[in-house]
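Heads up, there are several structures right after this.
Next come two complexes, and both contain chain A; in the first it sits with chain B, in the second with chain C.
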Partner chain A sequence: MSSRRSRSRQSGGVSRITEDQIGDLVSKLQQLIPELRSRSSDKVSASKVLQETCNYIKNLHREVDDLSDRLSELLASTDTNSAQAAIIRSLLM
Partner chain B sequence: MKQSSIKTRFTYGFLRTLKRLPKTRAKSSSFSPEEISKRCRIIKLATDASMASAVGPRRAWSRALIRRVRSQRRQRQRQWLVMRRTRRGERKKGGKEVGGGGQTDSLRKLVPGGETMELCTLLGETAHYIKCLTTQVQVMRNIVDLFSN
Partner chain C sequence: MRNPSSLKQEILKKWVMGLQICSSSKKEMTILERKKAIKLSADIAMASARNASKYWSRALIANASKQDENKALLDHILGCDLEKIKKKSSIVSIKRKKIVLRSKKILKKRVKNIGVASYIAKRLVKKRTQLLKRLVPGGESMDELSLMEETLDYIVSLRAQVDVMRHLANASMHLDHKVSSSMDQMLL
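And then the complex of A and B:
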(Lines of atoms letter the chains of each structure in order from A and count residues from 1; the text may use other names and numbers.)
(Lines give C-alpha, C1' and ligand atoms only; values in the text may rest on other atoms or scores of the structure.)
Protein backbone atom coordinates (compact mmCIF):
# COMPACT_ATOMS: atom_id res chain seq x y z
CA MET A 1 0.00 0.00 0.00
CA SER A 2 2.63 2.49 1.07
CA SER A 3 4.79 1.45 -1.91
CA ARG A 4 1.92 2.26 -4.30
CA ARG A 5 1.46 5.69 -2.71
CA SER A 6 5.13 6.55 -2.89
CA ARG A 7 5.25 5.35 -6.50
CA SER A 8 2.39 7.65 -7.52
CA ARG A 9 3.99 10.58 -5.67
CA GLN A 10 7.23 9.78 -7.45
CA SER A 11 5.62 9.78 -10.90
CA GLY A 12 3.86 13.09 -10.12
CA GLY A 13 7.17 14.54 -9.00
CA VAL A 14 8.97 13.40 -12.15
CA SER A 15 6.41 15.03 -14.48
CA ARG A 16 6.62 18.32 -12.55
CA ILE A 17 10.41 18.35 -12.90
CA THR A 18 10.18 17.66 -16.62
CA GLU A 19 7.73 20.56 -17.13
CA ASP A 20 10.10 22.94 -15.36
CA GLN A 21 13.01 21.58 -17.39
CA ILE A 22 11.09 22.19 -20.59
CA GLY A 23 10.14 25.72 -19.54
CA ASP A 24 13.80 26.35 -18.76
CA LEU A 25 14.94 25.05 -22.15
CA VAL A 26 12.28 27.10 -23.94
CA SER A 27 13.44 30.30 -22.25
CA LYS A 28 17.05 29.46 -23.17
CA LEU A 29 15.92 29.15 -26.80
CA GLN A 30 14.15 32.48 -26.52
CA GLN A 31 17.45 34.12 -25.61
CA LEU A 32 19.05 32.83 -28.80
CA ILE A 33 16.47 34.22 -31.19
CA PRO A 34 17.04 37.89 -31.99
CA GLU A 35 13.31 38.47 -32.60
CA LEU A 36 12.40 37.41 -29.09
CA ARG A 37 15.51 38.35 -27.10
CA SER A 38 14.37 41.94 -26.58
CA ARG A 39 10.98 40.75 -25.34
CA SER A 40 12.35 38.58 -22.55
CA SER A 41 10.55 40.75 -19.99
CA ASP A 42 7.13 39.93 -21.46
CA LYS A 43 5.67 36.46 -21.27
CA VAL A 44 6.26 34.81 -24.61
CA SER A 45 4.27 31.60 -25.05
CA ALA A 46 6.15 28.38 -25.70
CA SER A 47 4.38 27.90 -29.02
CA LYS A 48 5.47 31.36 -30.14
CA VAL A 49 9.07 30.55 -29.20
CA LEU A 50 8.93 27.29 -31.16
CA GLN A 51 7.38 29.05 -34.16
CA GLU A 52 10.04 31.76 -34.18
CA THR A 53 12.75 29.13 -33.69
CA CYS A 54 11.57 27.30 -36.82
CA ASN A 55 11.50 30.55 -38.80
CA TYR A 56 14.97 31.50 -37.56
CA ILE A 57 16.46 28.12 -38.50
CA LYS A 58 14.83 28.30 -41.96
CA ASN A 59 16.35 31.76 -42.43
CA LEU A 60 19.79 30.51 -41.42
CA HIS A 61 19.51 27.59 -43.86
CA ARG A 62 18.50 29.99 -46.62
CA GLU A 63 21.45 32.24 -45.84
CA VAL A 64 23.86 29.31 -46.01
CA ASP A 65 22.42 28.39 -49.41
CA ASP A 66 22.72 31.98 -50.69
CA LEU A 67 26.30 32.26 -49.45
CA SER A 68 27.14 28.91 -51.09
CA ASP A 69 25.74 30.21 -54.39
CA ARG A 70 27.81 33.38 -54.15
CA LEU A 71 30.92 31.43 -53.24
CA SER A 72 30.58 29.10 -56.21
CA GLU A 73 30.33 32.08 -58.56
CA LEU A 74 33.24 33.88 -56.90
CA LEU A 75 35.49 30.84 -57.03
CA ALA A 76 35.04 30.72 -60.77
CA SER A 77 36.80 34.03 -61.17
CA THR A 78 39.22 34.52 -58.30
CA ASP A 79 42.73 33.45 -57.64
CA THR A 80 41.92 31.30 -54.63
CA ASN A 81 45.35 30.81 -53.15
CA SER A 82 46.23 34.42 -52.39
CA ALA A 83 42.71 35.10 -51.08
CA GLN A 84 42.87 32.03 -48.84
CA ALA A 85 46.15 33.14 -47.33
CA ALA A 86 44.58 36.51 -46.53
CA ILE A 87 41.54 34.84 -44.95
CA ILE A 88 43.59 32.55 -42.74
CA ARG A 89 45.76 35.45 -41.63
CA SER A 90 42.79 37.64 -40.76
CA LEU A 91 41.00 34.85 -38.89
CA LEU A 92 44.08 34.08 -36.81
CA MET A 93 44.40 37.67 -35.62
CA MET B 1 33.01 23.06 -26.31
CA LYS B 2 33.70 26.67 -27.10
CA GLN B 3 32.18 28.21 -30.22
CA SER B 4 35.58 29.75 -31.01
CA SER B 5 37.19 26.33 -31.49
CA ILE B 6 34.22 25.08 -33.51
CA LYS B 7 34.56 28.24 -35.61
CA THR B 8 38.27 27.63 -36.25
CA ARG B 9 37.81 23.96 -37.11
CA PHE B 10 34.89 24.73 -39.43
CA THR B 11 36.90 27.47 -41.16
CA TYR B 12 39.93 25.32 -41.83
CA GLY B 13 37.88 22.31 -42.92
CA PHE B 14 35.67 24.37 -45.20
CA LEU B 15 38.62 26.24 -46.78
CA ARG B 16 40.43 22.96 -47.34
CA THR B 17 37.41 21.67 -49.28
CA LEU B 18 37.20 24.88 -51.31
CA LYS B 19 40.88 24.53 -52.14
CA ARG B 20 40.28 20.99 -53.43
CA LEU B 21 37.56 22.17 -55.83
CA PRO B 22 38.38 21.20 -59.41
CA LYS B 23 40.25 24.09 -60.96
CA THR B 24 38.98 25.13 -64.34
CA ARG B 25 41.54 25.51 -67.07
CA ALA B 26 40.08 27.82 -69.68
CA LYS B 27 38.54 31.02 -68.38
CA SER B 28 35.43 30.55 -70.50
CA SER B 29 34.50 27.20 -68.94
CA SER B 30 34.51 28.74 -65.43
CA PHE B 31 31.21 30.40 -66.18
CA SER B 32 29.30 27.53 -67.73
CA PRO B 33 26.07 26.87 -65.81
CA GLU B 34 26.95 23.17 -65.37
CA GLU B 35 30.30 24.06 -63.81
CA ILE B 36 28.71 26.56 -61.48
CA SER B 37 25.87 24.29 -60.38
CA LYS B 38 28.29 21.40 -59.83
CA ARG B 39 30.57 23.63 -57.75
CA CYS B 40 27.56 24.93 -55.85
CA ARG B 41 26.47 21.40 -54.97
CA ILE B 42 29.97 20.54 -53.73
CA ILE B 43 30.07 23.70 -51.61
CA LYS B 44 26.67 23.01 -50.04
CA LEU B 45 27.75 19.48 -49.12
CA ALA B 46 31.00 20.93 -47.76
CA THR B 47 29.11 23.25 -45.39
CA ASP B 48 27.35 20.24 -43.84
CA ALA B 49 30.45 18.04 -43.80
CA SER B 50 32.74 20.74 -42.35
CA MET B 51 30.24 21.65 -39.64
CA ALA B 52 29.63 17.99 -38.76
CA SER B 53 33.35 17.27 -38.40
CA ALA B 54 34.03 20.54 -36.55
CA VAL B 55 31.46 19.68 -33.87
CA GLY B 56 32.20 15.95 -33.96
CA PRO B 57 30.05 13.23 -32.44
CA ARG B 58 29.46 15.00 -29.12
CA ARG B 59 25.90 16.15 -29.92
CA ALA B 60 22.93 14.16 -31.18
CA TRP B 61 22.32 16.59 -34.03
CA SER B 62 25.95 16.46 -35.18
CA ARG B 63 25.91 12.64 -35.11
CA ALA B 64 22.76 12.70 -37.26
CA LEU B 65 24.43 15.17 -39.62
CA ILE B 66 27.53 12.96 -39.90
CA ARG B 67 25.26 10.01 -40.81
CA ARG B 68 23.49 12.16 -43.40
CA VAL B 69 26.78 13.30 -44.99
CA ARG B 70 28.08 9.72 -45.11
CA SER B 71 24.88 8.35 -46.67
CA GLN B 72 24.91 11.18 -49.24
CA ARG B 73 28.50 10.28 -50.17
CA ARG B 74 27.60 6.60 -50.48
CA GLN B 75 24.54 7.55 -52.54
CA ARG B 76 26.62 9.54 -55.00
CA GLN B 77 29.08 6.66 -55.32
CA ARG B 78 26.29 4.23 -56.04
CA GLN B 79 24.33 6.45 -58.38
CA TRP B 80 25.81 4.87 -61.46
CA LEU B 81 24.57 1.46 -60.32
CA VAL B 82 20.89 1.93 -59.64
CA MET B 83 18.46 4.83 -59.27
CA ARG B 84 17.33 4.22 -55.74
CA ARG B 85 15.15 6.51 -53.67
CA THR B 86 16.22 6.60 -50.03
CA ARG B 87 13.29 5.84 -47.82
CA ARG B 88 14.79 7.36 -44.71
CA GLY B 89 11.42 7.95 -43.11
CA GLU B 90 10.48 4.28 -43.26
CA ARG B 91 13.80 3.16 -41.82
CA LYS B 92 12.98 5.05 -38.60
CA LYS B 93 12.78 3.07 -35.37
CA GLY B 94 9.12 2.25 -34.98
CA GLY B 95 6.86 2.87 -32.02
CA LYS B 96 9.04 5.25 -29.98
CA GLU B 97 7.03 7.74 -27.96
CA VAL B 98 8.18 11.25 -28.68
CA GLY B 99 6.57 14.16 -26.90
CA GLY B 100 5.68 17.66 -27.91
CA GLY B 101 2.72 17.43 -30.22
CA GLY B 102 2.09 19.23 -33.49
CA GLN B 103 3.99 22.39 -32.69
CA THR B 104 7.31 20.60 -32.49
CA ASP B 105 6.83 18.66 -35.73
CA SER B 106 8.27 21.35 -37.99
CA LEU B 107 11.18 21.85 -35.57
CA ARG B 108 11.94 18.12 -35.68
CA LYS B 109 12.26 18.29 -39.45
CA LEU B 110 14.68 21.23 -39.28
CA VAL B 111 17.12 19.85 -36.71
CA PRO B 112 19.23 16.88 -37.88
CA GLY B 113 18.08 13.77 -36.05
CA GLY B 114 15.16 15.62 -34.52
CA GLU B 115 12.50 13.11 -35.60
CA THR B 116 13.29 10.57 -32.87
CA MET B 117 14.42 12.84 -30.03
CA GLU B 118 12.59 13.26 -26.76
CA LEU B 119 11.20 16.78 -26.36
CA CYS B 120 13.78 17.79 -23.73
CA THR B 121 16.63 16.55 -25.89
CA LEU B 122 15.18 18.28 -28.98
CA LEU B 123 15.09 21.67 -27.24
CA GLY B 124 18.67 21.38 -26.00
CA GLU B 125 19.97 20.16 -29.36
CA THR B 126 18.11 22.99 -31.13
CA ALA B 127 19.89 25.58 -28.99
CA HIS B 128 23.33 24.18 -29.81
CA TYR B 129 22.40 23.75 -33.48
CA ILE B 130 21.36 27.42 -33.73
CA LYS B 131 24.65 28.56 -32.15
CA CYS B 132 26.65 26.49 -34.65
CA LEU B 133 24.56 27.59 -37.64
CA THR B 134 25.14 31.22 -36.64
CA THR B 135 28.90 30.57 -36.47
CA GLN B 136 28.77 28.90 -39.88
CA VAL B 137 26.97 31.87 -41.44
CA GLN B 138 29.48 34.27 -39.86
CA VAL B 139 32.46 32.39 -41.28
CA MET B 140 30.92 32.02 -44.74
CA ARG B 141 30.09 35.73 -44.84
CA ASN B 142 33.70 36.58 -43.96
CA ILE B 143 35.00 34.25 -46.66
CA VAL B 144 32.65 35.70 -49.29
CA ASP B 145 33.62 39.26 -48.31
CA LEU B 146 37.33 38.47 -48.50
CA PHE B 147 36.97 36.72 -51.86
CA SER B 148 34.94 39.63 -53.22
CA ASN B 149 37.67 42.22 -52.75
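And then the complex of A and C:
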Protein backbone atom coordinates (compact mmCIF):
# COMPACT_ATOMS: atom_id res chain seq x y z
CA MET A 1 0.00 0.00 0.00
CA SER A 2 2.66 2.53 1.04
CA SER A 3 4.80 1.78 -2.05
CA ARG A 4 1.91 2.70 -4.35
CA ARG A 5 1.46 6.00 -2.57
CA SER A 6 5.17 6.93 -2.76
CA ARG A 7 5.20 6.15 -6.49
CA SER A 8 2.35 8.57 -7.12
CA ARG A 9 4.07 11.29 -5.10
CA GLN A 10 7.30 10.88 -7.09
CA SER A 11 5.58 11.37 -10.46
CA GLY A 12 4.19 14.71 -9.22
CA GLY A 13 0.55 14.32 -10.36
CA VAL A 14 -1.17 13.43 -7.11
CA SER A 15 -4.71 13.61 -8.43
CA ARG A 16 -4.03 11.81 -11.76
CA ILE A 17 -2.77 8.50 -10.44
CA THR A 18 -4.78 8.26 -7.23
CA GLU A 19 -8.09 8.68 -9.07
CA ASP A 20 -7.89 5.04 -10.17
CA GLN A 21 -7.12 3.95 -6.64
CA ILE A 22 -9.98 6.05 -5.32
CA GLY A 23 -12.28 4.53 -7.95
CA ASP A 24 -11.26 1.08 -6.76
CA LEU A 25 -12.01 1.98 -3.15
CA VAL A 26 -15.34 3.53 -4.12
CA SER A 27 -16.44 0.26 -5.74
CA LYS A 28 -15.32 -1.66 -2.64
CA LEU A 29 -17.41 0.69 -0.50
CA GLN A 30 -20.34 0.13 -2.78
CA GLN A 31 -20.13 -3.61 -2.12
CA LEU A 32 -20.26 -3.01 1.62
CA ILE A 33 -23.33 -0.81 1.71
CA PRO A 34 -26.54 -2.88 1.60
CA GLU A 35 -28.45 -0.13 -0.22
CA LEU A 36 -26.08 -0.15 -3.16
CA ARG A 37 -24.86 -3.74 -3.32
CA SER A 38 -27.57 -4.92 -5.75
CA ARG A 39 -26.85 -2.21 -8.35
CA SER A 40 -24.06 -2.67 -10.90
CA SER A 41 -20.91 -0.64 -10.36
CA ASP A 42 -21.28 1.35 -13.60
CA LYS A 43 -24.52 3.04 -12.68
CA VAL A 44 -23.67 4.43 -9.25
CA SER A 45 -21.77 7.71 -9.12
CA ALA A 46 -19.03 8.43 -6.62
CA SER A 47 -21.06 11.15 -4.95
CA LYS A 48 -23.98 8.72 -4.50
CA VAL A 49 -21.69 6.13 -2.92
CA LEU A 50 -20.31 8.78 -0.57
CA GLN A 51 -23.78 9.95 0.34
CA GLU A 52 -24.99 6.43 1.10
CA THR A 53 -21.80 5.73 3.05
CA CYS A 54 -22.43 8.76 5.27
CA ASN A 55 -26.04 7.70 5.81
CA TYR A 56 -25.00 4.15 6.58
CA ILE A 57 -22.42 5.24 9.15
CA LYS A 58 -24.94 7.59 10.77
CA ASN A 59 -27.43 4.71 10.99
CA LEU A 60 -24.84 2.42 12.56
CA HIS A 61 -23.97 5.12 15.12
CA ARG A 62 -27.66 5.47 15.95
CA GLU A 63 -28.02 1.71 16.38
CA VAL A 64 -25.09 1.63 18.78
CA ASP A 65 -26.70 4.44 20.74
CA ASP A 66 -30.10 2.70 20.85
CA LEU A 67 -28.55 -0.61 21.86
CA SER A 68 -26.63 1.13 24.64
CA ASP A 69 -29.92 2.59 25.87
CA ARG A 70 -31.61 -0.82 25.75
CA LEU A 71 -28.77 -2.55 27.54
CA SER A 72 -28.56 0.05 30.30
CA GLU A 73 -32.30 -0.34 30.92
CA LEU A 74 -32.07 -4.14 30.88
CA LEU A 75 -29.23 -4.13 33.35
CA ALA A 76 -31.03 -1.59 35.54
CA SER A 77 -34.15 -3.75 35.73
CA THR A 78 -32.12 -6.69 36.94
CA ASP A 79 -31.18 -4.72 40.03
CA THR A 80 -34.56 -5.49 41.52
CA ASN A 81 -34.67 -9.17 40.57
CA SER A 82 -31.95 -11.13 42.28
CA ALA A 83 -32.08 -14.28 40.12
CA GLN A 84 -31.67 -12.39 36.85
CA ALA A 85 -29.11 -10.09 38.42
CA ALA A 86 -26.99 -13.02 39.52
CA ILE A 87 -26.95 -14.59 36.06
CA ILE A 88 -26.40 -11.46 34.02
CA ARG A 89 -23.97 -9.93 36.49
CA SER A 90 -21.83 -13.02 36.42
CA LEU A 91 -21.61 -12.58 32.67
CA LEU A 92 -20.95 -8.87 32.58
CA MET A 93 -21.43 -6.33 35.24
CA MET B 1 -10.14 -10.74 4.47
CA ARG B 2 -10.25 -11.01 8.23
CA ASN B 3 -12.44 -13.61 9.87
CA PRO B 4 -15.55 -11.63 10.91
CA SER B 5 -16.47 -13.84 13.84
CA SER B 6 -13.00 -13.56 15.37
CA LEU B 7 -13.34 -9.79 15.18
CA LYS B 8 -16.65 -10.05 17.02
CA GLN B 9 -15.11 -12.31 19.64
CA GLU B 10 -12.32 -9.78 20.22
CA ILE B 11 -14.85 -6.98 20.58
CA LEU B 12 -17.02 -8.99 22.97
CA LYS B 13 -14.07 -10.00 25.12
CA LYS B 14 -12.75 -6.46 25.46
CA TRP B 15 -16.22 -5.00 25.91
CA VAL B 16 -16.92 -7.35 28.82
CA MET B 17 -13.56 -6.36 30.38
CA GLY B 18 -14.54 -2.72 30.11
CA LEU B 19 -17.99 -3.26 31.58
CA GLN B 20 -16.55 -5.12 34.56
CA ILE B 21 -14.18 -2.25 35.28
CA CYS B 22 -17.02 0.26 35.09
CA SER B 23 -19.20 -1.65 37.50
CA SER B 24 -16.43 -2.29 40.01
CA SER B 25 -15.51 1.39 40.26
CA LYS B 26 -19.03 2.70 40.88
CA LYS B 27 -21.60 0.84 42.91
CA GLU B 28 -24.60 3.03 42.13
CA MET B 29 -25.04 4.35 38.57
CA THR B 30 -27.84 6.29 36.96
CA ILE B 31 -29.27 4.85 33.75
CA LEU B 32 -27.57 7.60 31.76
CA GLU B 33 -24.19 6.94 33.39
CA ARG B 34 -24.58 3.24 32.75
CA LYS B 35 -25.47 3.88 29.14
CA LYS B 36 -22.40 6.07 28.63
CA ALA B 37 -20.22 3.40 30.23
CA ILE B 38 -21.69 0.70 28.00
CA LYS B 39 -21.25 2.77 24.88
CA LEU B 40 -17.71 3.90 25.74
CA SER B 41 -16.62 0.35 26.57
CA ALA B 42 -18.06 -0.83 23.27
CA ASP B 43 -16.22 1.88 21.30
CA ILE B 44 -12.88 1.26 23.01
CA ALA B 45 -13.35 -2.48 22.51
CA MET B 46 -14.07 -1.96 18.82
CA ALA B 47 -11.02 0.26 18.39
CA SER B 48 -8.62 -1.97 20.30
CA ALA B 49 -9.87 -5.09 18.50
CA ARG B 50 -8.05 -3.68 15.46
CA ASN B 51 -4.85 -3.56 17.54
CA ALA B 52 -4.46 0.17 16.74
CA SER B 53 -3.34 -0.78 13.23
CA LYS B 54 -5.83 1.66 11.74
CA TYR B 55 -5.77 5.45 11.98
CA TRP B 56 -9.44 5.70 12.98
CA SER B 57 -8.93 3.31 15.90
CA ARG B 58 -5.98 5.33 17.21
CA ALA B 59 -7.95 8.58 16.83
CA LEU B 60 -10.91 7.10 18.71
CA ILE B 61 -8.67 5.99 21.59
CA ALA B 62 -6.76 9.31 21.63
CA ASN B 63 -10.04 11.25 21.81
CA ALA B 64 -11.30 9.07 24.66
CA SER B 65 -8.06 9.51 26.60
CA LYS B 66 -8.54 13.29 26.61
CA GLN B 67 -11.09 12.87 29.39
CA ASP B 68 -9.66 11.90 32.77
CA GLU B 69 -12.64 9.81 33.83
CA ASN B 70 -11.93 7.33 31.05
CA LYS B 71 -8.38 6.67 32.18
CA ALA B 72 -9.10 3.55 34.29
CA LEU B 73 -11.13 1.98 31.52
CA LEU B 74 -8.49 2.64 28.86
CA ASP B 75 -5.68 1.34 31.06
CA HIS B 76 -7.59 -1.84 31.76
CA ILE B 77 -8.39 -2.69 28.16
CA LEU B 78 -5.22 -1.42 26.47
CA GLY B 79 -2.58 -1.63 29.19
CA CYS B 80 0.82 -0.24 28.21
CA ASP B 81 -0.24 0.06 24.55
CA LEU B 82 -2.13 3.24 25.43
CA GLU B 83 0.96 5.47 25.49
CA LYS B 84 2.27 4.03 22.24
CA ILE B 85 -1.07 4.64 20.56
CA LYS B 86 -1.26 8.25 21.73
CA LYS B 87 2.26 8.96 20.41
CA LYS B 88 1.53 7.28 17.08
CA SER B 89 -1.71 9.16 16.49
CA SER B 90 -0.21 12.60 17.16
CA ILE B 91 2.73 12.10 14.78
CA VAL B 92 0.69 10.73 11.87
CA SER B 93 -1.89 13.52 11.96
CA ILE B 94 0.82 16.14 11.34
CA LYS B 95 2.24 14.25 8.35
CA ARG B 96 -1.17 13.74 6.81
CA LYS B 97 -2.04 17.44 7.09
CA LYS B 98 0.96 18.30 4.89
CA ILE B 99 -0.22 15.91 2.16
CA VAL B 100 -3.74 17.36 2.24
CA LEU B 101 -2.47 20.92 1.74
CA ARG B 102 -0.35 19.89 -1.25
CA SER B 103 -3.15 18.01 -3.06
CA LYS B 104 -5.61 20.88 -2.51
CA LYS B 105 -3.27 23.27 -4.38
CA ILE B 106 -2.99 20.81 -7.29
CA LEU B 107 -6.78 20.34 -7.42
CA LYS B 108 -7.36 24.11 -7.60
CA LYS B 109 -5.05 24.39 -10.62
CA ARG B 110 -6.81 21.55 -12.49
CA VAL B 111 -10.33 22.85 -11.88
CA LYS B 112 -9.91 25.72 -14.36
CA ASN B 113 -9.58 23.27 -17.30
CA ILE B 114 -12.69 21.17 -16.54
CA GLY B 115 -16.22 21.71 -17.91
CA VAL B 116 -19.17 22.88 -15.83
CA ALA B 117 -20.92 19.53 -15.32
CA SER B 118 -17.90 17.70 -14.03
CA TYR B 119 -16.99 20.76 -11.96
CA ILE B 120 -20.33 20.53 -10.17
CA ALA B 121 -19.88 16.77 -9.77
CA LYS B 122 -16.47 17.30 -8.23
CA ARG B 123 -17.84 19.87 -5.82
CA LEU B 124 -20.57 17.46 -4.78
CA VAL B 125 -17.99 14.76 -4.15
CA LYS B 126 -15.92 17.30 -2.20
CA LYS B 127 -18.92 18.26 -0.07
CA ARG B 128 -19.79 14.64 0.71
CA THR B 129 -16.16 13.84 1.44
CA GLN B 130 -16.22 16.62 4.05
CA LEU B 131 -19.28 15.00 5.66
CA LEU B 132 -17.56 11.63 5.72
CA LYS B 133 -14.48 13.14 7.32
CA ARG B 134 -16.58 14.28 10.24
CA LEU B 135 -18.11 10.83 10.71
CA VAL B 136 -14.94 8.74 10.73
CA PRO B 137 -12.77 9.25 13.85
CA GLY B 138 -9.66 11.21 12.91
CA GLY B 139 -11.04 11.80 9.44
CA GLU B 140 -10.34 15.54 9.46
CA SER B 141 -6.61 14.99 9.11
CA MET B 142 -6.77 12.33 6.38
CA ASP B 143 -6.14 12.65 2.66
CA GLU B 144 -8.88 11.32 0.34
CA LEU B 145 -7.22 7.98 -0.32
CA SER B 146 -6.63 7.19 3.36
CA LEU B 147 -10.14 8.37 4.18
CA MET B 148 -11.64 5.79 1.82
CA GLU B 149 -9.45 2.98 3.16
CA GLU B 150 -10.18 3.91 6.76
CA THR B 151 -13.91 4.18 6.02
CA LEU B 152 -13.96 0.63 4.64
CA ASP B 153 -12.35 -0.72 7.78
CA TYR B 154 -14.44 1.48 10.08
CA ILE B 155 -17.71 0.26 8.56
CA VAL B 156 -16.70 -3.40 8.96
CA SER B 157 -15.80 -2.77 12.61
CA LEU B 158 -18.99 -0.81 13.29
CA ARG B 159 -21.07 -3.65 11.88
CA ALA B 160 -19.28 -6.14 14.11
CA GLN B 161 -19.85 -3.88 17.13
CA VAL B 162 -23.57 -3.56 16.37
CA ASP B 163 -23.90 -7.34 15.95
CA VAL B 164 -22.19 -8.05 19.26
CA MET B 165 -24.33 -5.51 21.13
CA ARG B 166 -27.54 -6.71 19.49
CA HIS B 167 -26.87 -10.35 20.38
CA LEU B 168 -26.18 -9.46 23.98
CA ALA B 169 -29.31 -7.32 24.22
CA ASN B 170 -31.44 -10.10 22.76
CA ALA B 171 -29.86 -12.72 25.00
CA SER B 172 -30.50 -10.57 28.07
CA MET B 173 -34.09 -10.04 27.00
CA HIS B 174 -34.70 -13.76 26.55
CA LEU B 175 -33.06 -14.47 29.86
CA ASP B 176 -35.37 -11.87 31.38
CA HIS B 177 -38.45 -13.57 29.94
CA LYS B 178 -37.35 -17.09 30.76
CA VAL B 179 -36.50 -16.31 34.35
CA SER B 180 -39.62 -14.25 34.99
CA SER B 181 -41.93 -16.76 33.24
CA SER B 182 -40.42 -19.67 35.13
CA MET B 183 -40.75 -17.73 38.35
CA ASP B 184 -44.40 -17.05 37.51
CA GLN B 185 -44.91 -20.77 36.96
CA MET B 186 -43.34 -21.56 40.30
CA LEU B 187 -45.58 -19.10 42.10
CA LEU B 188 -48.85 -20.31 40.48
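Here is the rule we go by: the second predicted complex is superposed on the first by the 60 of 93 C-alpha atoms of A that agree within 3 Å, B and C clash if a C-alpha of one lies under 4 Å from a C-alpha of the other, contacts with A are read in each partner's own complex, and residues count from 1 in each chain.
Convention: a contact is a pair of C-beta atoms (placed from the backbone, for glycine too) under 8 Å apart; a residue touches a chain by one contact, two chains touch by 3 or more.
Note that the structure is predicted; figures quoted are calculated from it, not measured.
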Partner chain(s) touched by A:28 [first = chain B, second = chain C, both, neither]: both
First, second, both or neither for A:45, with chain B first and chain C second: second
Partner chain in contact with A:56 - chain B first, chain C second, else both or neither: both
Which superposed partner A:70 touches (first chain B, second chain C, both, neither): both
Chain B and chain C contact sites that coincide on chain A, given as residue numbers: 18, 21-22, 25-26, 28-29, 32-33, 46-47, 50-51, 53-54, 56-58, 60-61, 63-65, 67-78, 81, 83-84, 87-88, 91
Touching residues (chain side chain B, partner chain A) in the complex: 8, 11-12, 15, 18-19, 21, 24, 30-31, 35-37, 39-40, 43-44, 47, 103-104, 106-107, 110-111, 119-120, 123-124, 126-127, 129-131, 133-134, 136-137, 140-144, 146-148
Chain C - residues contacting chain A, complex: 16, 19-20, 22-23, 31-32, 34-36, 38-39, 42-43, 102-103, 106-107, 110, 121, 124-125, 128-129, 131-132, 135-136, 144-145, 148-149, 151-152, 154-156, 158-159, 161-162, 165-166, 168-169, 172-173, 175-176, 179-180, 183
Chain A to chain B touching residues, read off their complex: 18, 21-22, 25-26, 28-29, 32-33, 46-47, 50-51, 53-54, 56-58, 60-61, 63-65, 67-78, 80-81, 83-84, 86-88, 90-91
Complex interface listing, chain A residues touching chain C: 1, 5, 13-15, 18, 21-22, 25-26, 28-29, 32-33, 45-47, 50-51, 53-54, 56-58, 60-61, 63-65, 67-78, 81, 83-84, 87-89, 91-93
